[in-house]
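These notes open a run of structures that come right after.
Next come two complexes, and both contain chain A; in the first it sits with chain B, in the second with chain C.
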Partner chain A sequence: MSDELVLHVKDLYVNFYTYEGIVKALDGVEMFLRRGDTMGVVGETGCGKSVTAKSILRLIEAPGRLDDGQILFFDQDFETKETIELDLAKLELEEMLEIRGNRISIVFQDPATYPNPVFRIGDQIAEVIELHQNLAMDVLYMKIAKLELTLSEATSDENRAEIEGKISYYRQQLDDPPEPDKKSMREAAKLKAIEMLRLVRMPAPEQVVNQYPHELSGGMRQRALIAMSLACNPSILICDEATTALDVTVQAQVLLLLNQLKAEIGTSIIVITHDMGVVAETCNWVNVMYAGTTVESCATEEIFAKPLHPYTAGLLIAVPKLHEVKDRLPQIRGTVPNLITPPTGCRFHPRCDYATSVCKEKKPLLEELEPGHWVACHHPLRS
Partner chain B sequence: MSELLIRTEDLKKHFPLTGGVFRKVIGKVHAVDGVNLEIKKGETLGVVGESGCGKTTLGRTILRLMEPTSGKIYFDEEDITELKGRALRKVRFNMQIVFQDPMASLDPRVTIKNSIGEPLVVNGVAKGRKMRDMVLSLLEKVGLTEAHLNRFPHEFSGGQRQRICIARALALNPKFVVMDEPTSSTDVSVQAQTLNLMKDLQEEFDLTYMFISHNLSVVKHMSDSLAVMYLGKIVEKTPYDIFRKSLHPYTFALVSAVPIPDPEFSGRAVILAGEVPSPINPPPGCRFYPRCIFAQNVCKMEEPPLRDVGGGHLVACHFAGELDFGASAQQEYADSFGDSIA
Partner chain C sequence: MKLRDFVLRRIILAIPVIFGVLTITWFLSYVVGDPLAMYVTERTPDAAIPGIIRARGLDAPLVVQYFLYLTALFQGDWGVSTTTGADQPVLTVLARLFPATIELSIVAMSIAIVLGIPLGIISATRKDKAADHVTRVFALIGVSMPIFWFGLMLKYVLFYQLSVWDLPHLPGGDRYNFRAFGSWQPTTGFLLIDSLLFEHNPALFLDAVVHLIMPAFCLGYITLAIITRMMRSSMLEVIKEDYITLAKSKGLSERVVIYKHALRNALIPTVTVIGLAFGGLITGAVLTETIFNWPGLGRWATNSILNSDIAAINGFTLLVAFIFVIANFIVDMIYGVLDPRIRFG
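Moving on, here comes the complex of A and B:
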């Protein structure tokens, strides 16, 4: 694992300007992702997990607005291996289109609503590929492969000579491929789509490309969406509650797939979830969010072994566990605050057992209290 | 007085599927297909299963909110399958339900006082000032105050709304409450509060619960005994801790598929190949055989009965107790998963 960062969200502020008031959805979120890592973002409803994901892709729509902060994206050039630094928060729309679905892609929660129901699965994946990739080489390789197939079946010598001539003509073009026509581009993109579906372990991918989303089950649809997001070999894949709508046995299949894919293609993954179990199964780094702020950030083993923020600790023990028997669940009192009028200082203080007057007045900053363990709390739980 | 509160005998609920111009019946969805169930007084029976396995339909059919296709339902040893009119209403006094989505089950234009008080008024228990006092004491039981009486559902948070629904279910002082996924739309910190509240109320009012959920950990936490459903049938019913002792291969796979919030336990999932088959044409024989690695010929031909393997542990599997879920089986599961994706 390298220490090289691929994404660094710095002091991000997102507000939603509604009739009832300004919803301070993100209040100085800090987050960083190392290359090759799987990072979990956990928190309860309304804590800003999805808003953070959408801001990274600049998908925040009115009445929401990205008001302050930086989203630094360190992209690696595919060939030269040079690192390019971009601030996604300041990019123009056209530049952002180059990144969305290409360098950073997202898989959403509900597989029933996301694939367009009126287009075939294969066409939808092919569209992403056609839009973002230069298919000239692929078209040539496809043509050569096709000719080689006919060559093996060809009977007369005259035919053979002609086909071989064509093959060598195309081979020469490989150094400087010409702009392919639309039809062969589509064909090559579709072949790539089949390849992608095979990568996500879709059974019978040759048939699935010609099927419509409603013909697939929920788990299969989620696989197809993952295939679509991975089609351009992105640097970052964001899974926004990607397994929440699935049944446990199917969820286990998808989580296993994500773990295998990470090893195979080396994409960095952000897993957004409210389930600590999913984090334990897939992630090696965790970011805990509460009411629009990052409260804790550390390695997965650390957070389960010794959480330092009172909220994280409360969250961990409040879940009934399958392998433990408890008579009563320890609970966090109160409810998640309204973000139009959030509590002053630390946003968790009204529900915190350790809160003192300083918590009401001063917002705690995210600090590295122990090596590799960041916490935003005035009174962290030290052992 | 017998100690059983609810008993069902071969309970079935099939939904007709219509098609064509004349809406002809072209098939049946076997939502609940022959369920024998017993719930003791003061006990909580947990029902788990994946979506579409018929757990919600089972709960509603027991309450007679849906008419059973066949079979019998006994409440306190009284056959309530055929009851109508006033007699049915009298039985319903004692059985209530809390639904999954509290926002959808509260009328947005009725105040909390009237929502909770409605069962009292309708059944002629109390009205006016007396009703208000009763509602207030119910609200206090679930942790809300007098200030909330005249508010509307939209003014509450999800957890509070679910408390209101629980208060309404308890208004008539029932003996039996079906909890249909009561916490699946709430957050973890609120879920813990709701679960604790339900346990406290059960002790205070001597309630019997049927707790339906797809979340195994929550069901296990709440229940005295647990029934696992698969495609309309109960495949295993056990008074034990299923995390430690499950005899049906489906239960075993289901339990191991739950992500455990502890890195020590992670990565030990047994992955089932494929997905739950359609309940319109369930597989013949054992319904689980197409996904089961232990399946043999007999599983395709004969439906295994739910039999007692000792200590009230019921399993519907031909080979219950003979199967080894050790390392070799996990390897085999991994292989079968590999085959299906190749």
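Moving on, here comes the complex of A and C:
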């Protein structure tokens, strides 16, 4: 793990302009992801986790609008290894299309509704490969492999000579591959799709590519979606509640898979969840969100050992523990605020036991209170 | 073969439908009119009537008559129609008039589909913008305007007024210009096909096309409006679906997302409407054919009803039932192509 950042979300504001009023969904969100990290983003429903994820990919739709802030993406050039800095918040749509599914990709929550029901799994994966990758080399390798197969079955010498001639012709082209035609590109993309399905441990990938989403189970569909999002070796993979809709055993398999894949292809991962267990199991960094703001950001062990923000502490107390017998689970008093008329100052103050007058007036900024531990609170615990 | 089973099952399911239609129409036609009426005139002597009753088998019990009717039907004898003047077998009349109606309906349907689907997509993708408002008003007029009034207005403006001002105008009726081309020998009965393939007369083809424009648009406008509205609403529904978000997250352009990922899903409800509307077009042709003097089934069917020409009414109803069944069969096949979940299900 290096200290090099791959993503830095700075002071992000997203508002939804609805008939009832302006929903201030994100109010200065801060988030940073280091290369190779798995970062968990936790918080209650409606705290802006998914909106942040969608903002990163600029998938916020009307009536929502990204009003202010920066989303800095530090992408490494494949050949020169140079780092390119892009502000995704200001990118043109055409440039954004190059990023989506290619450099940054996302796995969504519900495997039942996210695959397109009318296209084959293989075609849906191949589509993203065809869109973003230069398949010229793959097409040549595919042609050579095919010819070698016929060569091993060829009987007459005349045939063999002809096939060998063709093979060496294609070999020569490998240095400077010509633009392949659409049909062989599609074929090569499909072969790659099988490869991707194999990578996500899909049983019988050769059959699955030709199947439709409704023919697969939820866990298999989620694997297919993961294969789709990993197809172009993205720098960042965002898992937006990717395991929430799955049952516990499948959830464990998918989490294990994600951790293994991270090591294999070196992707940084953002895991959005409200399950502290998932965070503990998969993430080495945690970002806690509350009502559209980042309240705490630190290493996973740190957050479980000594949370500094009262909200985080409240969340952790609310998690039931195996060895305790309790009639009633502890909870954070009050409810999530209405984001059309959010509380002034610190958005958590009406529910906070430590709130004072300053919390009502001034919005706390995210500060590094201890080395590697960022908190946005006027009265952090134990400080 | 799963596909063969699917087709076979569809055909077997169609049999009770057709059978039900012909049973109900046959009995109904006896309820609403006197079956004798079509065989007698004011000048028929009273003494001849018992002879006619016996000759036509009208003295047999109703059930026996019904079975005689069924037997004849399967032998290709659909009865005799008196509406066109001289006695003519119903099948012959149908064969002569049907191509004109189906030609008009197919062209009307093509106009409705070719314009309706893109208009619906444009309307949905530019929701609440100018293009959407214009399309919605256009569609609203289409579903609200009675066909007879619209036909007359079209004719009044595009034929009468333009010809009064000595401007180029569309023909006011008929299938082609009889004075210029004389009579033609129907091979398939479709003038558009016959004129090119058998008569080798491109001028006649063009003339037929010009004659088709107004009646086809008049007939197709309602269907066009229905398709546009259906396409718009199902497109709006589909672009909110999760798989559209997924398609966007892959980096696909707006065009690919809409025309590949959304369109195919949005077409499914639209295809249903198209299938049902096609049967409606055949029957809806009645008014259009009357306004534009189109030599099709519609006018003949109206006159048959007025004359209580039972054999003709039954024949026409049976034919329309067949078309409905075939149209829905095609719709089911298209469903299967569009949506793998329905495929051979």
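Rule of thumb we're sticking to: the second predicted complex is superposed on the first by the 376 of 383 C-alpha atoms of A that agree within 3 Å, B and C clash if a C-alpha of one lies under 4 Å from a C-alpha of the other, contacts with A are read in each partner's own complex, and residues count from 1 in each chain.
As a convention for this text, contacts are C-beta pairs under 8 Å (C-beta built on N, C-alpha and C of every residue); 3 or more make two chains touch, one makes a residue touch a chain.
Just so it is clear, the structure is predicted and the values come from calculations on it, not from any experiment.
Superposition of the two structures on chain A leaves chain B and chain C fitting side by side, clash-free.
Of the two partner chains placed by the overlay, neither chain B nor chain C lies in contact with A:T312. In the superposed model, A:S217 makes contact with chain B only, not with chain C.
Between the C-alpha centres of chain B and chain C, as viewed from that of chain A after superposition on chain A, lies an angle of 80 degrees, to the nearest 10. In the superposition on chain A, A:T294 makes contact with neither chain B nor chain C.
By the touch criterion defined above, A:Q251 reaches chain B but does not reach chain C. In the superposition on chain A, A:Q133 makes contact with neither chain B nor chain C. Residue contacts after overlaying the shared chain place A:V279 against chain B, while chain C stays out of touching range. Of the two partner chains placed around the shared chain by superposition, chain C is the only one that A:V118 touches, whereas chain B remains out of contact. In the superposed model, A:S50 makes contact with neither chain B nor chain C.
Set against each other, chain B and chain C differ in how many residues of chain A they touch, and the higher count belongs to B. Shortest separation of chain B and chain C in the overlay equals 9 Å (C-alpha atoms, whole Å). Chain A has no residue lying at the interface with chain B in one structure and with chain C in the other.
Within the complex, the chain A residues that touch chain C are 57, 59, 96-102, 105-106, 108, 110, 113-119, 127-128, 131-132, 212, 214, 225, 228.
Partner chain A is touched in their complex by these residues of chain C: 241-243, 245-253, 261, 264-265, 338-341. Residues of chain B touching chain A in their complex: 50-51, 157-160, 187-193, 195-196, 199, 214, 216-218, 220-221, 241, 243, 253-255, 257-263, 265-267, 269, 271-272, 275-276, 337, 340-341. The touching residues of chain A, counted against chain B in their complex, run 44-45, 201-203, 217-219, 247-253, 255-256, 274-281, 300-301, 304, 314-316, 318-323, 325-326, 328-333, 335-336.
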